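The structure under discussion appears below in the form of structure tokens.
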Amino acid sequence: MSNRPVPLLVARDLVKAHGSTPALRGARLELAAGEIVAVTGASGSGKSTLLHCLAGIVRPDGGAVTYAGERVDALPERRLSELRRTDFGVVFQFGQLIPELTALDNVALPLMLAGTAREAAQERAAGWLERFGAGERPGLRPGELSGGQAQRVALARALVTGPRVVFADEPTGALDSLASEQVMTALVHTARETGAAVLVVTHDAQVAAYADREVRLQDGVTAGLEVCA
Amino acid sequence: MRTDLRLAWLLVRGSDRQEWWRIALTAVGAMCATGLGLAAAALASVRGSRSSAFGHGLLDHPGERSGVIVALLLLLVPVLGFLGQCTRIGAVHRDRRAAALRLAGAEPGRVRRITALETGLACLLGSVLATAVAVPVLPAEWPRPSVPAWAGTVLVAAGVPVLGTAAGLLALRRVVASPLGWVRRNRPRSGRGVGPAFLGALLVVVAATVLAVASTSTGTAGSDDASGPLVVFAAVLAVGVGAVWLTGTFSGLTGRLLAARTGTPAVLIAAERLRDDPWAAARAHAAVLLVTVVGTGFVGVRQVLLAELEEMRRRHELGTDIAFYTTGVNLTAVAIGLALVIVLTALAVGAAESLATRRRGLAAQVAAGVPRPVLGRALLLETALPLAPAVLVAGLGGLAIGIGYARTGPDGSAGWSVPYAALLVPAGVYAACLLAAAASLPLLRRSVRPGQLRYA
Amino acid sequence: MSTRHILLALLAKGPSHGYDLKRRHDDHFPQARPLAYGQVYTTLQRLVRDGLAEVAGTDADGGPERTLYRLTADGSREATDWAGQVTPPAPFVTNEIFAKVVVAILTGGDPAAHLLAQRAAHMDRMRELTALKTAPSAELGTVLAADYALNHLDADLRWMTTTQARLTTLTAVTVEVDRA
């Protein structure tokens, strides 16, 4: 416990309500560089909201989120967008791919947004698709991909910019167990190689077992078990 | 039927804001359509010459009256386009709901009736409002309205909701077939071309125009009078349809070419969306292009006409007050301006609808770090890219009409003078379209709130 | 399932020594409890006694003398029958975790705390197994075994989660049953 590295991302006493429904009621979490943490809990326990707060997608009503010494919850929207584009990668259950763009362009998009020329971006994107075993037909569009393929493309898109933290919200929620295994194996191995920290929200213990440790949420509060494995 | 009505009411009552917008806008559209139809029907029922307090004697003679009727019916075209856009609001949501009703065991016929009621009742509301205003006005302006005038009124007031219902049925014909039809990964493609419903409605308008003009023209000496407006009508339609076809083709082409080459994210997203569904742009812009043709042509014609009138007045050759002519010209200008406003509203509604349908995906993009301005620019480019060449062609077509008029005019000495002022019309229309599309940008800001991520 | 049937099945591939059988067992079922030599020999002797296996000879190339066993006709029928039989699905519900939770409820212990601790242990084991099966060098046997165990642990976990949520009602009901 004592030799644990300085945490990269820290959430303190987060409070957030959706309208009159409380989602978080004092959740805490620490994520060290390169660490893989699973957030589990029943549906409605505030898992996704916690991830949204940590990734700077949602501003908490109370508490603080600190990333590399910077208060994320106080950053202006422009800087948040930039952070999500450069330092963070995001994978959702579905919907993060633009339906009209090809798999290759979807992966190249974050690089293009950062100012990389189209061809260079596509070249790097192709490498990432290859790495996730989705490089065979880069010209297909999300609607033409199977669920597992689409999620691997989404992973490639989340990791292409070399983020320090990857946020995954039920990344295997719509997949069968084998496809889910492929996606999680790809995510964990790549994170280990690149040194990215991963925060994966899931209700599936088999997915949570890919992480180094588990943080359980119950009624918007992080319950025990926050012990390092 | 009572159960159907109750179900339809329950569905509407439990609906979100989008559904209320659709109903309100549909009612407004139906009101416009009924109003125009009523005015045209009333004028068409008039026989021979009579004097009216309106429009400096413009409505007194059969020849001019048929022109006014044509103008009124032409205004129906943008209104129909507007109604078409309205039925698309929340279309995906309503399709799913219809499929869910089928899954719950409703027969196809019942789902059709419920859906038809949803659209039909909104149209009925608009039609009733318009008729309620028109019925007291008609006898006040016109001491003893003829039987055909009343018959026409009833026909129009009843016809608008019936047509609206029919259009609603037509739009839903695919969903009703399969209870599982809408559990799918792909969005529905809009069909190629302008859509059978719109074309059908146009045919009705054309037929009505021919009838109306033919009937008013009886009782005048020369039946030649009628052919003039009809030729103009046909020319405008031809240019309009050409411009629509051009937009569709050009959208697809631009989309493919740009998508392959561009290095800008916003352009890439816009181009791929155009490639994906080029006819969506074409359909949305159809009415815009028609108005551009008419507007450009009109400005050209007006310039020549006013010059001629001025010339004739100086030579004291004018039979009547010059106000008789200028009122006609100005009323036409007002009608075209009105058409432009309707068309732009339809465009804004269409842009907002497209945003609302895609809001979850857009929210996910923003959550993943795509800056909102990039999405906003993509949205504007989606309108700007295909519209530019189409408006150009429509403008040139309109200009040609203006030049043609100047050549064939009684005063051939006008020669090849080009009414350059007319070119301001396509430029203005283009700018106005961009503004209309930009009007949906505040909605983008609201759509991409992370809260949207919570709903599938 | 018994060691007896597994040895019968392994013998079906051909005559083997006890030592060979033990090694093959450990290779094929890498995550199972390793067989003890003693257990292998006693089981083989019982098989011979029951007429399912017989001694096929001995050899002692330099080392200690080793007995070679092979299946009899009865033995190979028994092996095939066993392999083909549908396993009765959970005929008796007995499980240690289940029993301990019930005991904790009956004796006024803290079943919730017990479940929490058990959950942590389960997750640790699941992490171990996941690391094992996703290692690049993992063999098919390991992957299949890990999958099997992971799914069962997952089932345990889901039962524990449901039980935790149900605990209040469960306690109330049990107390009433005891009173009756």
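Going in written order, the chains are labelled A, B and C, and every chain counts its residues from 1.
Simple rule for what comes next: a residue touches a chain if its C-beta (ideal position, glycine included) is under 8 Å from a C-beta of that chain, and two chains touch if they have at least 3 such contacts.
Just so you know, these numbers come straight off a predicted model, no measurement behind them.
S.K.: So which chain ends up closest to the centre of the protein, judged by Cα positions averaged per chain?
M.R.: Central chain: A.
S.K.: Going by the average position of its CA atoms, which chain sits the greatest distance from chain B?
M.R.: Most distant chain from chain B: C.
S.K.: What's the distance between the Cα centroids of chain A and chain C, rounded to whole Å?
M.R.: The answer is 38 Å.
S.K.: Compute the distance, rounded to whole Å, between the mean C-alpha positions of chain B and chain C.
M.R.: Roughly 74 Å separates the two chain centres.
S.K.: What whole-Å value do you get for the distance between chain A and chain B if each is reduced to the mean of its CA atoms?
M.R.: 46
S.K.: Provide the list of chain B residues touching at least two other chains, using ranges where the numbers run on.
M.R.: None at all.
S.K.: By the touch rule stated above, which residues of chain C touch at least two different other chains?
M.R.: Expected reply: no residues.
S.K.: Where on chain A does chain C make contact in their complex?
M.R.: 42, 181, 185, 188-189, 204-206, 208-212, 214, 224-225, 227, 229
S.K.: Please give the residue numbers of chain B that touch chain A in the complex, ascending.
M.R.: Result: residues 185-187, 259, 261-265, 268-269, 272-273, 275-276, 360-361, 364-372, 374, 450-451, 453-454 of chain B touch chain A.
S.K.: Once bound in the complex, which stretches of chain C touch chain A?
M.R.: 116, 119-120, 122-124, 126-127, 129-130, 134, 150-151, 153-154, 157-158, 161, 165
S.K.: For the complex, which residues does chain A have touching chain B?
M.R.: 18, 48, 52, 55, 57-58, 78, 81-86, 88, 90, 92, 95-96, 98-102, 105, 109-110, 112-113, 117-118, 143, 157-158
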